[in-house]
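Right after this note come the structures.
First chain A sits with chain B, and in the next complex the same chain sits with chain C.
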Partner chain A sequence: MTYTRTFRNLVKYGVPAVCWAAGLIAVLLILALLSVIFLKGYHSLEPGFVLEESREAGASGGIRYQIIGTLILVLTTAAAAIPVSLAIGITRVSVLKHSSLLRHVVDGGLQMLNSMPSILFGVLGFMLFTQHFGWGKSWLAGGIILGLMIVPIVSLAFVNHLLSLPPNRLEAAYGLGLSPQQVLVSVWLPHGWPGLVSGLFLGLARAMGETAPILFVAAVFSGAGMPLGITDSPVLALPYHIFVMAQDSFDSRAQANAWGTALVLVMLVLAFNGVAYTLRMKLHYGEHH
Partner chain B sequence: MENIIDILPAPRKCMTELRKEKLNGSTPMLEVNELSVSFEENIIFEGLSFHLKPASMLGILGPSGRGKSTLLRCLNRLIDLSPNAKVTGSIRFRGKNILESKVDLDRLRSEIGIVFQQPVVFPTTIAKNVLFGAKRLQRLSRHEQARLLESALRDAALWDQVKDRLHESANRLSVGQQQRLCLARTLATQPDIILLDEPTSALDKKTAREIEQLLLRLKCRYGIILVTHDEEQARRLCDEILRI
Partner chain C sequence: MKNFAAAPLQSCKKNWVRLISAVAVIVLATLALLALIYVIGESAPVFKHAGINFFLGHEWYYRDSLFGALPMIYGSLAVSLVALTVAVPIAIPASIWTAELLPVRWRSLAKGVIELLAGIPSVIYGLIAVIYLREWVYDLFSPWFLTSGDSLLTAGLILAVMILPTITTLADDALCSVPEQQRMAARGLGLNSMETILYVSLPQAAPGIFSAVVLGFGRAVGETIAVFLVVGRMDGQLPNSTGLLHSLLGTGQTLTSKLGGAELFLAYGDKLHWSAMMGLALVLLMLIGFSLITVTVTRFASAFVHHRFVATNGRLSA
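And then the complex of A and B:
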């Protein structure tokens, strides 16, 4: 009797305590990370830092072209990932709806792709774009490779949202005489947008911080400005800049530059997450009110 | 399976002399012969035969699980959305068997509209809900859209309640209003036949009576098939009753 009561009390108070502790650890970790980056990086954060070009191999000057290069890569990544993810999502809920085997193959393939180390995408891009197509280092190759890398994140979020569509809405739309194409455009896609948007911004936030894939195909450390073509048109990028600056442990200016760049990158990632959250809320509100 | 058609003697509210003649003399707009439906080994119903005359209401009565809703879904081929359904027999609409494979399903479903038991509103405005099917099935100018919107909402007895908030979300309407909105949406596609799947079962008595009054008015202009488990309702509204 006493043993049962003790066990019940343990479950009653212990389980919520463990859950709270786990949540607290997650919050503390992110707060600690952001605090360190902010405290170490805010000294560098002045207008000249984001508006000027790098000087002295990055040890002084600003990070203008690193920011521009990162934004070019992110926009290209979005342009590459959106059509592929849309196609996967639409195929998943329309063509594959009656084939559980193919559905499992597609879902399993996406999960596997999602768990691939990012450096493998870099190697793939190097073999395909740099060696086979002879593009040299190219912002477009970097964007495409990053786009392929985030396709699983975007398309899984999109598919999961599509699959949450209440079946009675489909029946109502078909019952009005709409063709499958019209149902796709007027029922499936409006329902799936929030998932696509969420997945896209999460994926872009991840892509923005990736160094390994762009190291092979798109980014150089210095000597690049605005790309003017497709082939042999590398870009500078924030994560690569941090990577190189952080290795220069003897130069305090380089260290400060690395922390300042990290802070800018974090701010960009947070801004992307903020946009994703706002869009998701707006689309969600439109759906339910 | 039991398959009885009762012809009710009492004239209904909109039964003008003209309409009575039409009922007695006109050829059926929909003829169902020996209709059977099964899902793999499970037979839902078999050997059903009945017909629907123009400007009349046929009630389909029966206990739960006898396939009333499945029957409605056969009549505009929505049953095709269920992958394992097997349908045999014939359903003749405008002289053609609609169970044949070459039938234009989209057109058929716009001509035989359906309203479900639970109102299904799309997550958009009242106006866009009403025109959801109509503006995709035909090219309509803004003026035509406005006219169609008003006439459909008037026919569904909803215009006076929503005319000042057409661009508000349809989700804010009460369940009864949502059901009338669904009816307006179906009417806007200008069907010949309306299938109603227990349209009042999710409503309170007062709202249900309002919908019934509305249906009595509509049956002067449309062929209506009403699935219900409420015998009193069927007797109040329907010209003929099929029990399954």
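And then the complex of A and C:
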């Protein structure tokens, strides 16, 4: 390669031009997506839309039970994910030895679980809950599946936060002669739980938008209100509603309804992400004090 | 902290919290293993039935017990490669933009905005693809006698948007982990700031950037809903047109769109049919596993090279 002045100038001005262009494309893409969702959806956004039941196969009416169904799924997901992630976090930092191979196994396993396609959770849930247990479509099965799906997100956030705690607190606790059990209860958990909560909101934001895991297991398009039992108690859900509406989106009223649903879902997801982000920022701030 | 955490389990009396945790983790790991064994075990009959033709057969008619998964494998690889072809040329310069060009206080903001892309649910990407992207693809390529905008290309394009943030943030992390001294040394040798990026930062971050691309591929292969909505209704056959662009413009099918379709309900009653569906799940798992193994090997290899050649006396050799 000849290092002429022209070539060096080409690098000096060409590289930043390309990179700025690419970066701006990425940023503009997200702004365009969000504004499309907002502009298309905000017509539908009125009290009636949130409070009424949907009618005429989603063409008119609101999305009351879709919102309720998604909230039911979110609560069940949280209930399933919290104990498991707590157990993984405690095991990871307090039970396993610092340099043990098992720590790498746990970390690797979580990474693997994190990169599993969500449809596989749906298929396995269908096999286990819907068919083998004979639950049919059930909100509980959907919540458990979604909960397992977000376990890596929640527990990795929890573990990372635990490991970033200032070591002097631990040293002080051990210096006072506390047993590992006492250290767990008096140092790890009181200082570590905000990491769990932040990870939980991150995971729930992902769970509430997922369609594939609840496709066969929990969601139906119409004909479900509040679930009254466990077996054959499906729920309506925002992402599944959009999924069905997108497949026959030729009726303009149905399309408007789908966009409105999309806006509600995006606002919920962003709100949950926002809570997670704020908590994480607070944590980082708190560490220096 | 090292030695404190290593205090033996037996030394304390009330261990129940830690005991329950450890047991729960063991149970969970066992369940995950059982799920894997189940998928392998359930897919055995179809391999006995079709043999290697499960991977090479290009026809899937379950009524005739004909299970060739090639159309779905081809579809999955085609949409993922289209996605990578479109996303990588934007994602890598964008990661240079966030990691090297932007002032530090703007970096986290820009990265956060790009990561917002990853937070949008895939069904909403699907909706946008159905309403807009599908029409654009149709208008753009209608001279080629398209019947609809549903195609492998459309699915690949929407996937490109979805994996863009994944690749960008991971590549950004890789670039940011290049030590600052390396850049200073390069500047000291008279390279201008952009040459420093091209000849120092990028080569050193290359393994990390490669991993980012591979993980993006894994994400693309596993995505279901957005692909399902725009990939079209071709079922059980390879695209019948020749030529790369032509076959990409045809409708297709991916592993995930087959698994996410109504055929799963139908398959459950029939042992062989269900086994074929589990075979598809296994192929999907193998593709994901392949990408994870590639990333792990890259990480270990680059750590080894770093240890062997770079970290010797803090001097760059080789």
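The criterion applied here is as follows: the second predicted complex is superposed on the first by the 247 of 289 C-alpha atoms of A that agree within 3 Å, B and C clash if a C-alpha of one lies under 4 Å from a C-alpha of the other, contacts with A are read in each partner's own complex, and residues count from 1 in each chain.
Throughout what follows, a residue touches a chain if its C-beta (ideal position, glycine included) is under 8 Å from a C-beta of that chain, and two chains touch if they have at least 3 such contacts.
Since the model is a prediction, treat every value here as computed from it, not as a measurement.
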| item | value |
| --- | --- |
| Touched partner set for A:Val84, first chain B, second chain C, both or neither | second |
| Partner chain(s) touched by A:Val123 [first = chain B, second = chain C, both, neither] | second |
| Chain B versus chain C as contact partner of A:Val93, first or second or both or neither | second |
| Which of chain B and chain C A:Gly48 touches, first, second, both or neither | neither |
| Per-residue touch tally on chain A - higher for chain B or for chain C | C |
| Which superposed partner A:Val187 touches (first chain B, second chain C, both, neither) | first |
| Partner chain in contact with A:Tyr174 - chain B first, chain C second, else both or neither | both |
| Residues on chain A lying within both footprints (that of chain B and that of chain C) | 98, 170-171, 174, 179, 182 |
| List of chain A residues in touch with chain C within their complex | 8, 11-16, 18-23, 25-27, 29-31, 33-34, 36-37, 83-84, 86-88, 90-91, 93-95, 97-99, 106, 109, 111-113, 115-120, 122-124, 126-127, 131, 167, 170-171, 174, 179-185, 205-206, 208-212, 215-216, 239-240, 242-243, 245-247, 249, 255, 258-259, 262, 265-266, 269-270, 273, 277 |
| Complex contacts: residues of chain A adjacent to chain B | 98, 166, 168-179, 182, 186-187, 190-191, 286-289 |
| Chain C residues within the chain A interface of the complex | 1-7, 9, 11-15, 17-18, 20-22, 24-25, 28-29, 32, 35, 38-39, 89-94, 96-98, 100-102, 110, 112-114, 116-117, 119-124, 126-128, 130-132, 161, 164-165, 168, 192-195, 197-198, 215, 218-219, 221-225, 229, 256, 259-260, 264-265, 268, 277, 281, 284-285, 288, 291-292 |
| Complex contact set, residues of chain B against chain A | 76, 78, 81, 83, 106-111, 113-114, 116, 118, 120, 122-123, 132-133, 136-137, 169, 171-172, 182, 185-186, 189 |
